[in-house]
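Okay, got some structures for you below.
Each of the next two complexes has subunit A plus one more chain, namely subunit B in the first and subunit C in the second.
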Partner chain A sequence: MKDIATAPTTAVSNPPVQPTEAYFDARDVVRISATRDVPRPERQLEPVAKLIDVSKCIGCKACQSACVEWNDTHPEIGENVGVYENPHDLTPDMFTLMRFSEWENPATNELEWLIRKDGCMHCEDPGCLKACPAPGAIVQYSNGIVDFIHENCIGCGYCVTGCPFDIPRISEVNHKSYKCTLCSDRVAVGQGPACAKACPTQAIVFGTKEDMKVHAAERIEDLKSRGYENAGLYDPQGVGGTHVIYVLHHADKPGVYADLEENPRISPIVEGWKGVTKTAGLAAIGLAALGATLHGLFSRGNEVDDHDTQAADVLVKGRDPDDTHGGQV
Partner chain B sequence: MTNAWTDIKNTDLVVVMGGNAAEAHPCGFKWVTEAKAHRGARLIVVDPRYTRTASVSDYYAPIRPGTDIAFLMGVIRWCMDNDKVQWEYVRNFTNASLLVREDFGWSDGLFTGYDEEKRDFDKSSWDYQIGDDGFALTDPTLQDPRCVWQLLRQHVDVYTPEFVENVTGTPRDKFLTICEMIGECSAPDKVMTSMYALGWTQHSKGAQNIRGMAMLQLILGNIGMRGGGMNALRGHSNIQGLTDIGLMSNLIPGYLNIPTEKEVDWQTYLSTREFRPIRPGQTSYWQNYSKFMVSFMKAMWGDAATAENNWAYEYLPKLDVPAYDILRMFELMDQGRVNLYFCQGFNPMLSIPNREKITRSLSKLKMLVVMDPLSTETSHFWQNHGVHNDVDPSAIQTEVLELPTTCFAEDEGALVNSGRWLQWHWPGATPPGEAKHDTWIMAQIFLRVRELYQREGGAFPDPILNLTWNYADPEEPLPEELAKEMNGRALGDVTDPTSGAVVAQAGQQLSGFGQLRDDGSTMAGCWIYAGSWTEDGNMMARRDNSDPGDAGLFLNWAFAWPANRRILYNRASADLQGKPWDPDRLLIAWNGEKWEGYDVPDIAPTAKPTEVGPFIMNQEGVSRLFTRGMMRDGPFPTHMEPFETPMANVLNPRMRGNPVGRVFESDVANLATSDEFPFVATSYRLTEHFHYWTKHNPVNAALQPEFFVEISEELAAERGIARGSRVRVWGKRGEVWAKAVVTKRIKPMVCGGKPVHVVGIPLHWGFMGAAKKGWGPNSLTPFVGDANTDTPEFKAFLVNIEPAAEEPVA
Partner chain C sequence: MNIDLSRRGFLRLAGAGVAATSLGAMGFGEAEAAEAAHVRAFKLATTTETRNTCPYCSVACGIIMYSKGDVKTGETAELLHIEGDADHPTNRGTLCPKGAALKDFVHAPTRLTQPRIRKPGASEWEEISWNDALDRIARAIKDDRDENFIATNEAGTPVNRWTTAGFLAASATTNETAWLTYKTVRSMGIVGFDNQARV
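Presenting the complex of A and B:
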């Protein structure tokens, strides 16, 4: 009985969390919007993936709240329009959304309530990036993460057109485009996405894409043992595969999951757009500027504002720095 | 829980009925997904609605709210008739073989002894035949027509699949499929778990719902087994702790009782509690009641509690009624008989039925004190919020004091989870503003009250003046001090009664309740927590997650009461010789000399398996399919309709609700009939919110912003209600306006040849907080409660519904 945890009695003595070493950064960018001839990185990162097992998802929306908390967004308190989805669609303040479909399976005549977490799929061949005319507004890393760099975004909305999944949303406040970053700032320091961390049933898991496919295969086998003959993995090849992949009980009918694309492809209009981006890219960005452009991405999420500093002071020192009386709180 | 959250992973079949685990307990539900993913377990959901739990189930069946007993008795009948019985378990570990008195019987939905005037039973016939030697008579062959097994078969005879379908609305084929899936778990190596919550408790016969499933689990041999058991999913992170430490008007910590006024002295009080065995050689552990009780009295009053003054027995309040439960308290308040009411972490304006009555009652108080981290509806009951709280503040004279408290994340202490684990935690944040710990507030009040008694005397100052209050800082006892006090310590040297060796020296923390004495040499605030803070330190703070044998027990993680035992009745996981029924599910086994294994044995370590029965708390040494007079509404569960129902009780059309359910005369006229209110309503939680707390949080409020009700497409068509439109829902006691969620997940059922529509009413909205203003179901629910627990009937009542053109204006 000697392995008793020491008992800290205040928040101050809770062990601090040490940041892990960054494992990817600006040097790992393989594609940049409106930019040609991005030099091949010196290293190739192991491709990552977020696996969403729809058959294990209970629709609790913990992923949505974790996403809001981590990204510090402020979705509006809306209204109920007769469904469980809230907000009612993806918004610049809601990067992920549980979509609920009540589906009567014609094969069994039984009702199924299919709940799919919607959000950026992080396409291997990203239509948003291809469509984007703003140099450096969208980048892709060699691990597969597609990220928006908001300083460079011009709010034109072409990424919305370019996305085969209708994901990005333009803010009416600052005219920037927003979507899931796959928590690139967390992944960069060795942590998984906030949604995966919050998921109580491990319906959302994160790791290398190879590992995720192995895990998916186990899940698919389990589903087949329960009579879901068409259980399978959703990793659409029309966009070169994705870095967010689904286990579906009815992989032969993605459309029953709130109109998940059967065979997503980048719009031909966007493919024809490449010529323009080439010109813009050459004019706008030199390699030297690249690091600075991307700096914002990695410093974001670690920003400390005055309020945080003050709260930390109170915690650590037991006093308020603004407290002119210097007394205990 | 008899078992633990982590043990759910060991099951073969999960039955979620009377609960919605995925929705209301999403974190614990991970163990269900674990059992499914790695053990191939199946999940059955029986619920009026196709819930979030149903969305990941293998099989779902609908049921009419309030008819669970009919369903469960039907399953028991099916198992008995189809030889789906764990026979060796039933013969040896249940009271199936015990003989019941000749004058016990059941007819017209009533057991013998009913007194309609008193609305109570004379329970004297609900007992065993006792032989001259003082022991109950038995027939081990189970053939005697008076044995429990034969009486049970006779009792469930009426619950045919046809009866079940007619009463519950569950289609017969679905019912039978579920019977077959459940029946498989009668094999010794197949185990089913029952996960339930307020879907079973919040009925006027809630305790009998749970009894029904417990009996089924005994017949299948699933109690005491890894992956089995009766698992109550507690709705607050520390509600298990609340009941453990007796925060109920009729309890003392550790499930001891407050005396009644008939128990005028200590000897009378003890005479009905120190249960002697009624089968030879049985443990009957409650024989030790006086040790727990004396240790409690010593914890309360120290040196003032002596053998000479019967341990200060006269200091204890004596109940003049069975309990001052919340329904009774508000009834008394409504009668103008309560002056001051303290709400500590409690929001009755939304959580007690018949809100109109609650508002009226609170308005009759002289003073209301609300201790809460949030600004609650209760502390603002006097404030006009238009239609959402249409009161006239000038007509309310109640003085209201709000005392802001810390929330759980700002405190240190133990939370007791559903699996009885006391897990110590530390503050994650500093309290905001003027928020104070509850203990600080209570200490301030106590010190001032004591001072008043010191100064002014008063009618009976002794219990207050002599209360033990020896904390380092009397102004604020520390969680550590309180925890050590609950664990208990030796006041003098405690010796082993046989060897005479000292097992605990004076002043030492006790290591378990086996060391408690009734001679005043020990003190313990809550005997079941003994062992949680020993001489080795704070056992609740342990964080070793090793798990020998992958058994799911985690004995070195925190502390589980009693005695760090993880699975109650684990002796029953082994057969009569002490060999595990399922070698892959070893918990404990008899090695010829003693019990050993992964868990702390739930039996004396050297009690021979062939001699001592596994249910050591019971006088019989076995479990009870027949509960004698322990429950007010019958020794077997019998079908009863809710107080408000669309269908007369087919067993006795004259009988309304539970014949001994909690109902006050003034509320009878306020009960609805189906002529006026044709639809069955039921209330529930949504996973986006926690009760009435999270509507104060903008993130949760954004995820589920507005009050709604759920109805079927069929009812929507019948009433002309469009999806997302505004509806008015009204009942006998009030009305609410809500958005309509029209869904395929609720379907009309057919009961008694008539269609029954269900209106689902989630409970997360009020007139305070960040979310849109709305109502709770308690604006509609009846002021009636369970016969045994007084829990209000929130899960089955009657309403009407119609389209509402626009939001009503104040």
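Presenting the complex of A and C:
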């Protein structure tokens, strides 16, 4: 008899080794790519969130190590190009990446070394899912996790275009799209993501989104008391909020953190293409089909009458068949 | 292969194709029966847990090693995963990037699994059995200690020092191992004694 896991409220716990049944599954899916009218789940799971406090991050990359180990990816050995980022961009084998920015604060004239852990934000309104044309390749669970179902992925790359944060990467090996899963397999058995558990300074913490907001508020208050007046929470509403949220000491300028989007939104092209254009296109197809059917049903086939025969003869033979004089027209 | 297809037949087929794909586009595509949503199977289910200490630095973080197969019951254990031990007072589950990547350290093809010796003047290491290695070490220790042991200082006070040899111990050991190491090293009179965390 398998125990059913309970929803995780922290990443600080040791994984179970006895067979444990996931606390959420296909029944908790609220959105499915290229599928409309997903039935509303019978239950609403408690939304989860990963909180990244960039002011506590020391850039050690334990999260990257832990991510690679847990997800069994095998990134290539990198090359130093003079910056600490390694690899130099997210890859299909590296779902999370420390991004380092050197920023001169105009208010203090001091150089600040800003470190941000980049990766999937698990948007409430996911652009990847909206853009995806493959039914069932991207799903969203009611706890907020946006997950790729690789068996259904066709590797078209629309999710990359649709993502406001430029996160998914297409594997050149199997032509499938990869990104952070929020360790859905760990969360399912009541554990936090591998990165959050490993983080030595606990700059990454995990729990219910409500708890994380409370924790963030405490951190922001602390930062403000230390002179960071603009400290704040990054939970962008342009994508309905996210399930990976940041505490930023310069929340008024997210762009200084390695170009974090000021106001992320799903590209209007994707919105338009999958919204108005798709509806209008389908309507046009429908109308054309309807017209063709009606035409086929109600109009009769063309029949040749005497007048047509005569006209054709004039065209072909160059004369009127009734013209007995044989003269030219 | 020739397909005997009239113009009318071709148009009919094409029409049917358009109709079918349009129906799909209008939301009747469930027939495609895509692979249902699922999370990856939890890979630590039914594995064997072994508590240990991270071998890197003297912080000595607690780790749990997860393996398929249990050595205690005579099986071969295949190490699958290592992560921080949340119950350990030192690290409470966290690990540094090196500790978080310990699995690859264990599986590394360059990992040292046998004693090796580089003889005086040689440029290459050669493998040596534990017995031979321990015999050589014992011999060298004995010879050096016999030659250089200082039993008393100039004033005639017993000091029992052996200053020509040093000992470098592991940094991440249990209390018991540390106690034994200390007693062994100091009982021989070794003065230069440190652990690798300060190297």
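Everything below uses one rule, namely that the second predicted complex is superposed on the first by the 253 of 329 C-alpha atoms of A that agree within 3 Å, B and C clash if a C-alpha of one lies under 4 Å from a C-alpha of the other, contacts with A are read in each partner's own complex, and residues count from 1 in each chain.
In the analysis below, contacts are C-beta pairs under 8 Å (C-beta built on N, C-alpha and C of every residue); 3 or more make two chains touch, one makes a residue touch a chain.
The structure displayed is predicted, hence computed values, not measured ones.
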First, second, both or neither for A:Glu102, with subunit B first and subunit C second: first
Touching partner for A:Glu69 - first (subunit B), second (subunit C), both, neither: both
Which of subunit B and subunit C A:Ser55 touches, first, second, both or neither: first
First (subunit B), second (subunit C), both or neither touched by A:Arg36: second
Which of subunit B and subunit C A:Ala198 touches, first, second, both or neither: second
Touched partner set for A:Tyr23, first subunit B, second subunit C, both or neither: neither
First (subunit B), second (subunit C), both or neither touched by A:Ser225: first
Overlapping contact positions on subunit A, where the subunit C interface meets the subunit B interface: 11, 14, 60-62, 64-65, 68-69, 200, 202
Parts of subunit B lying in touch with subunit A, wherever the complex brings them together: 22-23, 26-27, 29-30, 33, 36-37, 40, 42, 50, 52-56, 58, 60, 412, 424, 426-430, 480, 534, 536-539, 541-544, 556, 687-688, 698-708, 722-725, 739-745, 770-772
Subunit C - residues contacting subunit A, complex: 15, 18-19, 22, 25-27, 29-30, 32, 34-49, 64, 66, 81-87, 91-101, 103-104
Sites on subunit A touched by subunit C in the complex: 11-20, 22, 24-26, 29, 32, 34-37, 60-62, 64-66, 68-70, 72, 134-137, 139, 141, 147, 149, 151-152, 181, 184-189, 194, 197-200, 202, 282, 285-286, 289, 292
Parts of subunit A lying in touch with subunit B, wherever the complex brings them together: 1-5, 7-11, 14, 55-62, 64-65, 68-69, 74-84, 86-87, 94, 102, 104, 110-115, 200-203, 218-219, 222, 225-226, 314-315, 329
